[in-house]
Amino acid sequence: MTVGPSTSARTLTLKVLLFATYAEQAGRESVVLTLPDPATVADVLHHLRSSVPGLDRLPIQPLAAVNQAHARLTAPVRDGDEVAFLPPLAGG
Amino acid sequence: MTVGPSTSARTLTLKVLLFATYAEQAGRESVVLTLPDPATVADVLHHLRSSVPGLDRLPIQPLAAVNQAHARLTAPVRDGDEVAFLPPLAGG
Amino acid sequence: MSAFLTHEPIDLAALIRRVSGADRGGIATFLGLVRNHQDGRAVLRLEYSSYEAMAEAESARIVAEATGRWPVAIALEHRLGALEIGDAAVAVVAASAHRAAAFEACRYVIEEVKRRVPVWKKEFYADGSVEWVDPTRMAAPIVTAPGQ
Amino acid sequence: MSAFLTHEPIDLAALIRRVSGADRGGIATFLGLVRNHQDGRAVLRLEYSSYEAMAEAESARIVAEATGRWPVAIALEHRLGALEIGDAAVAVVAASAHRAAAFEACRYVIEEVKRRVPVWKKEFYADGSVEWVDPTRMAAPIVTAPGQ
């Protein structure tokens, strides 16, 4: 499924992964998203919150990862990146 | 075996335990010692060094114990005490 | 990709054997066991899940940081899936010729694992409720139904 | 009198079971293994001996200090007799609801055991020599024959 604006000149397509409470809220474990380029993790979060039912309840500043490493919300995302939003970690 | 002066008015009798290198140097694991009362651990050490063959090689300030607890050389000893001199500890 | 995550019971003795070499006589370990309560509620069992690819990558980074900082060998394992009370959920073993290094590296690894490795825990309570554990909250919130 | 000293192999899993309760999910342990060298010389085997009555009393005091200072349960065992390379000579287990307390108490106990418990180690080297280990010396002295 692709969610996002269709009017941008250049775009980037991302796979967004959801886990635990976030996956349950969205009713899914991943979303493919197309966004105007350039974009940051915060832009991905904003699009998810406004366009995916259930994800309007995501926190303002969730933990995030880009390509399997922790990332700040200000980090840029690039075409093909794997972005993830992580509920509070509870390992160990 | 009893080692010590015999001319004191009041005396105390101690069992002295030796371990590891000290036991090997003395060729025995215990000595019964009678000393003038009062006496300290240092007095016990002095008598051992001067009267038990092999124990003249005891260090000036070995680790010591009285009644199964660490003790300073200045600690008093009483009749019936169990005194021990401990080579450098090597547990763990 | 299965270096740090496992669905099998954790075998601490095997992890110790993996890192204890002739030169490494000091072995510090940490085991995290499943407790039977959380914020005062009785826990029957729980399930650990993970963002597995990232958990493996982050675990590898943490171990590399520890072995770069201290003269140690590290074994790290986190169990996923259904666990019972008393089961080990995570094990860290740090082996070194130096006792202080073993302790410090072991502590570093477990702290970083808890802070950085993406693992989540769903608890099933005696009262029938189910909840994703959120260590950032001081006390458990009102019951959340599964799948909600 | 046999609470802390043993002539049998140390069973870490059994010690962990002894102290890990429903309330104590964080288990820090330290194992001291026999190394195959000392000051550069190859060690074949060794023998631990002790002033046993005092070792038991001092171990009990150390454990009481730790449990008085931190909210932990402690298991401590020191092996005596003939040990082979790789055998565990000492094990400390500290179990707590609090990870930091488990680590700090475990560290405290092993440091105090090494500093205070009367145990001695006789090493048998590959070159045929035998020596009582003296950790207070930086390097090993010239060979001392046994019984000398």
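For clarity, chains are labelled A, B, C and D in written order, and residue numbers in each chain start from 1.
Keep this in mind: a contact is a pair of C-beta atoms (placed from the backbone, for glycine too) under 8 Å apart; a residue touches a chain by one contact, two chains touch by 3 or more.
All figures in this text were calculated on a predicted structure; none of them were measured in a lab.
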Graph distance between chain B and chain C, where chains that touch are linked: 2
Chains touching both chain B and chain D: none
Chain of greatest Cα-centre distance to chain C: B
Centre distance in Å when chain A and chain B are each reduced to the mean of their C-alpha atoms: 76
Euclidean distance of C-alpha centroids - chain C vs chain D, Å: 26
Centre-to-centre distance between chain D and chain A (centres being mean Cα positions), rounded to whole Å: 52
Two or more partner chains touched - positions in chain C: 32, 110
Set of chain B residues in contact with two or more other chains: none
Which pairs of chains touch, using the document's own definition: A-C, B-D, C-D
Residues on chain B engaged by chain D in the complex (per definition of touch): 17, 19-21, 24-25, 65, 68-70, 84, 86-92
In the complex with chain D, residue positions of chain C that touch it: 12-13, 16, 20, 22-37, 85-86, 97, 99, 102-103, 106-107, 110
Residues of chain C touching chain A in the complex: 32, 48-51, 53-55, 57-58, 61, 78, 89-90, 110, 113-122, 132-137, 144, 146-148
